[in-house]
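Labels A, B, C and D are assigned to the chains in the order they are written; within every chain, residues are numbered from 1.
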Amino acid sequence: QNPIALIAGPCVIEDAERTLAIGRAIKAIADRLHIPYIFKASYDKANRSSYNSFRGPGLKEGLQILAHIKKELDVPVVSDIHCITQIEAAAEVLDILQIPAFLCRQTDLVYEAARSGKVINVKKGQFLAPLDMKNVIAKIEEAGNKNILLTERGATFGYNNLVADFRALPIMRSLGYPVVFDATHSVQLPGGAGTTSSGQREFVPYLTRAAVATGIDVLFMEVHDNPPEAKSDGPNMLYIDQVEALLQDVLAIDTIVRKHK
Amino acid sequence: QNPIALIAGPCVIEDAERTLAIGRAIKAIADRLHIPYIFKASYDKANRSSYNSFRGPGLKEGLQILAHIKKELDVPVVSDIHCITQIEAAAEVLDILQIPAFLCRQTDLVYEAARSGKVINVKKGQFLAPLDMKNVIAKIEEAGNKNILLTERGATFGYNNLVADFRALPIMRSLGYPVVFDATHSVQLPGGAGTTSSGQREFVPYLTRAAVATGIDVLFMEVHDNPPEAKSDGPNMLYIDQVEALLQDVLAIDTIVRKHK
Amino acid sequence: QNPIALIAGPCVIEDAERTLAIGRAIKAIADRLHIPYIFKASYDKANRSSYNSFRGPGLKEGLQILAHIKKELDVPVVSDIHCITQIEAAAEVLDILQIPAFLCRQTDLVYEAARSGKVINVKKGQFLAPLDMKNVIAKIEEAGNKNILLTERGATFGYNNLVADFRALPIMRSLGYPVVFDATHSVQLPGGAGTTSSGQREFVPYLTRAAVATGIDVLFMEVHDNPPEAKSDGPNMLYIDQVEALLQDVLAIDTIVRKHK
Amino acid sequence: QNPIALIAGPCVIEDAERTLAIGRAIKAIADRLHIPYIFKASYDKANRSSYNSFRGPGLKEGLQILAHIKKELDVPVVSDIHCITQIEAAAEVLDILQIPAFLCRQTDLVYEAARSGKVINVKKGQFLAPLDMKNVIAKIEEAGNKNILLTERGATFGYNNLVADFRALPIMRSLGYPVVFDATHSVQLPGGAGTTSSGQREFVPYLTRAAVATGIDVLFMEVHDNPPEAKSDGPNMLYIDQVEALLQDVLAIDTIVRKHK
């Protein structure tokens, strides 16, 4: 029955200063609202639609920037890993290792990440039934790790479209671990813009409130000071300016439904 | 920005007394909570999976029962129509004529129902994109009727399963008419029990709260004093005993999000 | 192990002469190839997206035109019915009564059509699992009719899209009745053009050959002399000029797979 | 307009002798039918549902076994890679490097595999629209490699189910590279058996014939001498005894449709 927490930040580290500034702005909002805040940004977008899309600063420089943000803002940080060779370095900086949705069934990645002892946030694959996350959990527990987060980020719904099935949230909570709703990836339109994914930012507030009303543990959202300018996931990221009002609704709804968690 | 209203009752009229008793119990709850209440029950289940399934008392007797309930409880009543030959009689008793989801594209049924001047509640077909409801609206407006409700009751998601896409609620609201969320049909598993549909009652509270949190106008739910005994839709109907606590959450959430409507 | 038969014709009766001319052209092809041919055209498109779309000549005039074509071409005719009030008149002219996909679960329509003793061709709803057609069959058999055809015409796949699941063909054949593949409706994009459905004619030959290769009994396709000019389903109808070459492939494939039927 | 080729073998290398024996049996069939044959087996199943499922002999021993089979049978061999660290060793033995469906958007894996100069067989992700494979192709071409195969292996269709959309085959062929139909993974039921995937072997012949009838370049199927005993994918693998009769149909159909390729 803990109050809801927030994972937020820009999709990818564009540069050190801007990334820190976005985190600082979110931190200020979270502080005002007394919401526990975890900073998120990717050091490498390893599965962009196109070869020539911006990927980020890479592991080494990216982790340095994340370590700096962690210290500056005094918040935990999460980022995604894509290969077992990244785990050791990532675990030195990150508080939460995130398994990307496409990779949620890669046994070695999940198991070795779990062996780091860090919190593991697994994004449910767009191709996976919610109950099948029990098998992913078992791989993590097999490594002796019970610090697990399970994230809903939309299920494949025909071509170039996702649907957030809100039955998935209580189903995953019934597996015994905190559940995260990723509000901004759930409105992606994969491949919807030909050589990049598109998205429907306009639905983020609706899906966010809906998810919170089911009773979730953590809200995940990607945020940017100017999404149309962003180098990844612009169409589905929220403007920083939208965040505080939305979180006020989130808190109010969370208070009502907390008894059901 | 009106407060949320409730359409509720048993799936089908099983007998006059039991149906009235269920309505009376719901009415008492709605009165305590100051929620506008519309009674719903079907006089004929015209699309049961099986030929031998119970269908109800039929048009004539069913409308008499509904007229009696309407008078006894002093509430508006809604029921579904399946054929243009039923419209005239139905419109004499019913306040709202409901177009079943499978029939939402039958031009004559929609148009002739609209010509009655009654409020028309169209359930969006499980096969229809939310935005395509604009074409259904146009058929109703063509008949000079602007008293329209649009209902989400789940979209086809593979076989024997539905998903409630909560983007559909703001999309349909953007078409200019009040939107209803049908919480109990959205958890049906069509054909899921071989010769009948099955359902997942356990998810009704989650989806109800979620839908209300997006900002809807009306909540629709089928309710029975003893669903396992019900002659239709037992697996997805709510117990009367569950209704009041759920509606308290509904009201609290609705108060928070009403400004977004 | 009968050779494959063909149901074909324009989507809707546009006018008597053009409709007959299309039938005559298809008949000539079918005769050359020794394929049993059944003429199809609708007298009323009862579920167009838009109120103002062309619907056809209606029941009375339409049946007269169909009767004329039946006599002129000396072929059986099939058309779809939408209401039990149409059955008596339709059964006087038509050899096969077709139940539209959206209406395949309307018990009265299916049962009363079956009572006519005519062959009943049921199109599987876009929202229905193939195995669930056993319940539709039971309704027809309940009326004492065992002259049944089961048609695949695509399943809902996200929004504004259908997918032809070729597992459905052997599943439906296992229910004991001949199976029809509707090649031109399977490539519809429902609502894909805003106020009308769109379609992907370019895939018709691929899906046709594929369906025949699974082992089907009847091929259904809508055909027009100039589809871009057609008043309904233009984007997915075949040109008459495409038909003969495609049917030659169909026959050759059917010969190979007939032993599996 | 080449005749169709065959990629086949057991899902995973269970032991050296059995794997060779299966390959030998398929080779004999392919030789009798004059079908070009490529042997396939995995050295590591890296994304099993469960941690404790059998994974195979691993990279080193697995490649030795594959090298032995390649020499003994005098056929090209294909296997899947999961990590860029495997590419160098794999490319020394394998003729075709296969990118698993879940990994088809991992830029580094695809690009580095392509840099090996080997033929790259990319399985289309269950979450990907067919046209979006153009972006995957661009990553491979960026590495200077134009030896590409594109494989259809089913698209996510609700939960625990896949559908083979046969429009995907001509769409992918239009991208300029040979297209493979994976007949045995297309009938998987992912997660359908709780802690493992299930499958529907009974539909493999239907989907195989259907795919060939659209006009494909390569047929992919997993085959075992005793599938119920197999350590992976038993429910969807074909019995060796089924292969020859099916390939005879395949060849006959391919002859008819080759002109459309």
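What we mean here is this: a contact is a pair of C-beta atoms (placed from the backbone, for glycine too) under 8 Å apart; a residue touches a chain by one contact, two chains touch by 3 or more.
Note that this is a predicted model, so its numbers are computed, not measured.
Looking at A-B and B-C, which one has the bigger number of contacting C-beta pairs?
Taking the two pairs in turn, the one with more contacts turns out to be B-C.
Look at all chain centres (mean of CA atoms) and spot the one farthest from the centre of subunit C.
A
Please report how many Å separate the Cα centroid of subunit A from that of subunit B, as a whole number.
It comes to 36 Å between the two C-alpha centres.
Using Cα averages as centroids, what's the distance between subunit B and subunit D in whole Å?
48
In whole angstrom, what separates the CA-based centres of subunit B and subunit C?
Inter-chain centre distance comes to 33 Å.
Please output the residue numbers of subunit C that touch at least 2 other chains, ranges allowed.
155, 157, 159
Residue numbers of subunit C touching subunit B in their complex, please.
46-52, 55, 82-85, 102-103, 105-108, 111, 125-132, 135, 138-139, 142, 155-156, 159-160, 190-191, 195
For the complex, which residues does subunit C have touching subunit A?
157-159, 161
Hey, which residues of subunit C end up touching subunit D in the complex?
155, 157, 163-167, 169-170, 187, 200, 202-203, 205-207, 209-215, 249, 252-253, 256-257, 260
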